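In what comes next, chain A is part of two complexes: it sits with chain B in the first one and with chain C in the second one.
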Partner chain A sequence: MAKGQPLTFDLDDEDLKLFNEEAEEQLELLDTALVQLEGEPDPDLVQRIFRAAHTLKGSSATIGHRKMASLTHAMETVLDAVRQDRLRPSSAVVDALLAGLDALRILAHEVVTRVDAGVDAEPLEHALHGLLQEAPPGGATVDAPPAAAGAALPANVVEALLAEVDEGRAVFRVHVGIDANCQLPGIRCFQLLQEIEALATIGHLVPEREVIEAGGGEFSMAAVVATMAHDEQLKAALESVADVASLTIESVTVDATLAIEVPAAPQAAPAVAPAGAKALDAPAPGGRPQLTVVEPGESGATNGSAPRKTTSASVRIDVERLDGLMNLVGELVIDRTRLQQIKDHLSTVLKDANLAELTENFEETTAHLARITDELQEEIMRSRMLPVRSVLTRLPRLVRDVAAKCGKKVELLTAGEETELDRSVIEEISDPLVHILRNAVDHGIETPEERRAAGKPETGTVTVTAWNQETYIYLSIQDDGRGIDTRRLRDKAVERGLVTREMADAASDEAVLQYIFLPGLSLAKKITDVSGRGVGMDIVRTNIERLNGQVSIRSTAGKGSEFIIQLPLTLATTKALMVMSNDTVYAIPLVSVTEALSEVEADLHPIAGRTTLRLRGRLLPVVDLARALGDYRTSEHQGPRFVVAAKHSDRQVAFLVDRLLGEQDVVVKSLGDMLGNRKGITGATILGDGTLGLIIDTASLVAATAALQAIA
Partner chain B sequence: MAARPIDPAVENQATTTEEHVVIFRLADEFYALDIQAVQEIVRMQAITAIPGSDPWVEGITNLRGRVVPVIDLRRRCGIFASEHTPETRIVVVSSASGMVGLIVDAVSEVMRIPGEQVEQPSSIVSGIDNAYLRGIAKLEDRLVSLVDLSGVLPSDETMYEMTEAQAA
Partner chain C sequence: MATILVVDDAAFMRMRMSKILTEAGYDVIQAENGLDALDKYRAHKPDAVLLDITMPEMDGLTALKEIKAMDPGAKVAMVTALGQQQIVLEAVKSGAKDFLVKPAEGDRVLATVSKLCA
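On to the complex of A and B.
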């Protein structure tokens, strides 16, 4: 099918959600794990990767995405060979698998867009199959797992099974051992056969069906079956039969090597499946995606460490549902504030002795409600928290790709994967992190030759560390590369006309490092597709500051650089100074407020026809807040107004407002797609009386105002 | 409202399906919105103006904890603004860019209009821009213009498609 052609898939919206969630999870797992595959793979890792590929194959086949199913099948076949030690995961193998993974991402996205993205999977599949032909034939004989031994299935059976796979069925190999003390193994075998047939199509059966049906079953039986059911269902059905002593259900890849074997002797093994068979192969048990139990530890270990054994049970909740809860709690917080206001009001009005008890009662109740609301809010905030691991898992792949492109050797270390932060921040943190990391590898780390010459190990190290402190999350990206050459940075900034020569020469090295955040500056000697054209760090900084965060840099020539990103733990609420201007309530995020004072006390001077505030030895331009936002109505406010000084990076501006309303925790709500992101306003918040206040985007407003002043 | 002459040439283009609509009034003309798009109808309530926004954006309002942008349909359609009356309503519709409130002078009824009574808007002059209409229904006693929501709401579809294309 050609690019741009509409596609149809066999799924409704609910299925789509399920498919997306699952695909994303598996793709992410592959992303991290495939990179680790290179070299000496740990069998657990190989098994995890294989399962992820298998799951993707199953789900894509189920919805009728043939191209995706076919590509995953090719990948799965290669992985199976790796799993059985028939193929060494060389970097060529990993490359081919990664190329396949990239295509899979696009194919998975097709399910959302329903448009053919024009991926040509055939060369990829070809390359994957090619890898297998290079593999030493018969290598399986030495150390293949016992399951692979035994009699290979007849070709016609394999073919029939392949047809089943094409129709979206999963293939399992089932081994059942019957208790040695069982008096009637033949009957048990017959029962087992019936249970299997109720759920699955039997491809091959040992002993043969006729034997079992005649009651001639022994203490063990084995089958290769194709089914829409998942292994858990199959397991439950078979375990329902009495006298089952051992049960193995493993998902298998259908190819010519698929074999079957019957355990020779009755085994008195415990009636549980070995860990290898307990796959997350099949889609989550028929239910809604909101409440799927997450297999602990499956979401991917990082950085070559042993697979994590997380014991805490977790529940997956739909983000929309959490957002809904958050909204409700937000409402509750507002009601609490209102009640407190009413209480204060009542207390003053009802200072009558007879009513003292009533007032006291009321005060107690409001206080209790306030405490409960706070706790509830905190709990819900916590439930929105995710470990930063989900972002960090993508990094090894990135570093590998970038390092390969630049001809460098780089090792990535990560720490603090367990650090939790709100999912709203997780979504925003990824881009800046990736950008800085690319820079670190591309510009920071030297080539192996340069490093050798400098007496450093050939392999450079980039360390990404995450940690919490108070209500912020910090991310540090540190490299042991060449560091930033402040002399070159000075020259470049002057050359680009960003600063004057005098300014540059007078500035301290520390101040010069900040130039890296100026728009239009890139230190790359040549433009590469890795580090762009200097549209980098300034945008990184702008994006981080828009989230009320900060980014800082430290660097020592020859030793390396470190970027530290600081972000609030959540974007859902923020502390703000509430002000009123032209009868509209505005919330100014407290992080940016440096001072708030009455017009009367403020040290205001007209300088060159403009009002200027002298504050702690600095002169700040003063602008009317409403006017700066584009509200040109004349204020009807009577009496003295107030001045609020706000900062953005190293700039400060004083905003003139009608009234100060005090500090408050505000729940941030988006203005929606239609109004979009407009200059100066980041969102809205619900006020105590149910009306809306506007949240000020200090960064853009200060930048715009300061720029305006500079021109004037 | 007087009946207007109708070009017979376009009469046959009418669809055969039935339109289930909410009828509202703007100035002295009647308009219809597809009932599927209408989320709810609320009385006029507090609206916070957004400085620097387009003149037809009345502001944002709090609809049970959700922030909903509100459009003054009169201004959007180039009709003189008027004072709000007790009859003024906000019709909340769902659009590609989320929920949007439309201020109308009054909501009169919900009804079904047979498809054969609907004509193409091009031939008939109406109070509002043809780009905002997808048809005109001839009822026994009046004409009702069928509003094309995607025309009335500021469209970001082109932008949306671009990002989609880039993603692919």
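On to the complex of A and C.
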């Protein structure tokens, strides 16, 4: 197959969804876990990784994705060796597995695109197999468990068997493979054990009797038995059990070399696969990709005793469906507001008409509806929330890669993984977060030598913390590196023509730190392939602000830096200050509003022909909001107007509006493609009386105004 | 043709199973819970039983033990949902010959029944 060729897989749309969801889950798990594999392989971790690879192998084989199945098989083989302590998970091993993982992602995506992405998996597989050359063959190490593949039987077992032989019994080595589609292989193992015991004395059993009796058997079992029965009788008895896919019974000679061979525990033995043709493509235990929490193939080892993995009792809901619900709730919210307005109106009209009771009833009902709507909105919003963990899990790998590339030692600590964020925010925040983290490792953390010289531990620490406060989510990325050199930052900004020397020298260190967000500024001494060319931080800020969020920076020379990202809990609704200008209602996101005051009490000055607001020691340019948005009609407004100060990063602008209407939760609706990208407007919302309100894009308005000022 | 006792408290499951079996030529008797199953077993002496686990009045495991006490040669397959492995294990220890995991496809139901009756 060559790149660009169409691919066909054996799955329909419903299957595809399951396949994707499962594959994504397993790939994610591998992403986090493989990094931890290096050095200290906790057996549980190794087992989890092995299973993930195994599940991927199974599902890819089931849908006929041979390349993916083959690569996962190679990875699984290496992991099996690690699991059996035959291979030390050195960084070379982890590197090879990570390279495999990268390719797996692309291969898994091919299932969606149905186009060959041109991945050449062979060198990867070759590298993986190469690792095994150094590993001793199975069971050869001293501390291999007694029942490991190919291990010789313990001396006392051999002795007992010899005694049986002396009594005239024949000794057979039995190997049974259970159909990979069997959903409860543990039960089959137990049934097989019952059948064997009815006819024979068991000398040795794999897995151990206790395991099988507890229902912990898997897709294969093996035994060395002594019996008076014929092998034909044994065969008939074992075949009476359903789902027996393969069965070998061989007569053996009892001596010290007698070994028992059993494939790796949770693995569907190749022998189980339907004869020949698809040996490698042995379907996963359980066959089709499964969504269920209980994985039939894996259930044996864990069922009953320890749960496989803490999986919350949850149902997966299509995001589209949730969006639909959210939309409906949005409509409901609008109706609620309208009802309240009608209520207010009715109350005034009806009060005198001796209809007090009716009014009261109506008020009660509206209040109730309002409460229910609020709760419903909250609930549905929550159901769109995902723990930020799904983003954080990708970071250890990233830090490892970047640190390795720059020759640094970095430890990543994360906290607050449980903090929940709206799905749409999660999707958007990943890139900015990754970028800041890269910078922290590449620029922030010093080399081990520099750190030693500065009296710091050689290994730098980057801490990513997420937390929730009021209706915002905060993400902090903190490093204990060298901090940002404000002197150099000043020079750089001047050199790039971004600010004048006078401005730079006059600015406080705190203000200078903000330069880092200016387009076209890079502090890196040279361009690296890690952090790029300084096209980063300004885009990071733009992306965050597009989400109605803010990013701030703190830094102390020699001690390190901290970036704090503030994001709204959801993008579907936002708190806004409602204002009116030229009979049009505008919603200014509250996150950007710093102050709102009457024109009368505002400290307004004409400076160089422009109105300027003096506010808390700062001079803010004043712009007419309607005009800034392109509405040049003459205002017919009578009486005093109002100014609303809004900020965007370090800049503030005061908008002149006709009236303040108060704070409100607004449901954000996209203006759609019809209206195109209207500058300064991010969307619309329907107001209580059914009219349209326009949601202001504070960031672009403030930036545009500031640019205008610069020209003037 | 053999007679099969289908025990399930869910009417839909009983109907489905019965349909599959009847179409394959089996005679089918239905029971809605463990107690009902004991009565029907006593009255009809079916060749095989498909016995649901979770049922009101008397659960499948208890019913299995009672049926086995009544007729040690009874051929019973437990009908189970995923996640009930320990109960199935217990049932096998108590003499159940086989199991079916819900939802079971027609072929699988027939294979299980024919294996039970063999």
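A few comments on the model shown:
In the analysis below, the second predicted complex is superposed on the first by the 439 of 712 C-alpha atoms of A that agree within 3 Å, B and C clash if a C-alpha of one lies under 4 Å from a C-alpha of the other, contacts with A are read in each partner's own complex, and residues count from 1 in each chain.
The definition used in the following text is that a residue touches a chain if its C-beta (ideal position, glycine included) is under 8 Å from a C-beta of that chain, and two chains touch if they have at least 3 such contacts.
Keep in mind it's a predicted model, so treat the numbers as computed, not measured.
In the superposed model, A:Asn327 makes contact with chain B only, not with chain C. Within the superposed three-chain model, A:Leu604 lies out of touch with both chain B and chain C [touch as defined at top]. In the superposed model, A:Leu184 lies in contact with chain C only, and not with chain B.
Within the superposed three-chain model, A:Leu619 lies out of touch with both chain B and chain C [touch as defined at top].
Of the two partners chain B and chain C, more residues of chain A are touched by B.
Once chain A of one complex is fitted onto chain A of the other, the partner contacts of A:Gly215 are limited to chain C, with no touch recorded for chain B.
Once the two complexes are laid over each other on the shared chain, residue contacts for A:Ala242 go to chain C alone; chain B is not touched.
Of the residues of chain A, not a single one touches chain B in one of the two structures and chain C in the other. Remark: chain B residues 46, 48-53, 57, 60-62, 65-69, 95-100, 153-154, 156, 164, 167-168 touch chain A in the complex. Residues of chain A that touch chain B in their complex: 106, 109-110, 113, 115, 117, 327-328, 330-331, 584, 626, 629-631, 669-676, 678-681, 683-684, 686, 690-694. Here chain A touches chain C in the complex through residues 183-184, 186-187, 190-191, 194, 214-215, 240, 242, 292, 294, 296, 299, 303-304, going by the rule given at the top. Against chain A, the residues of chain C that register as touching in their complex are 80, 82-83, 85-86, 88-89, 92-93, 98-99, 101, 111-112, 115.
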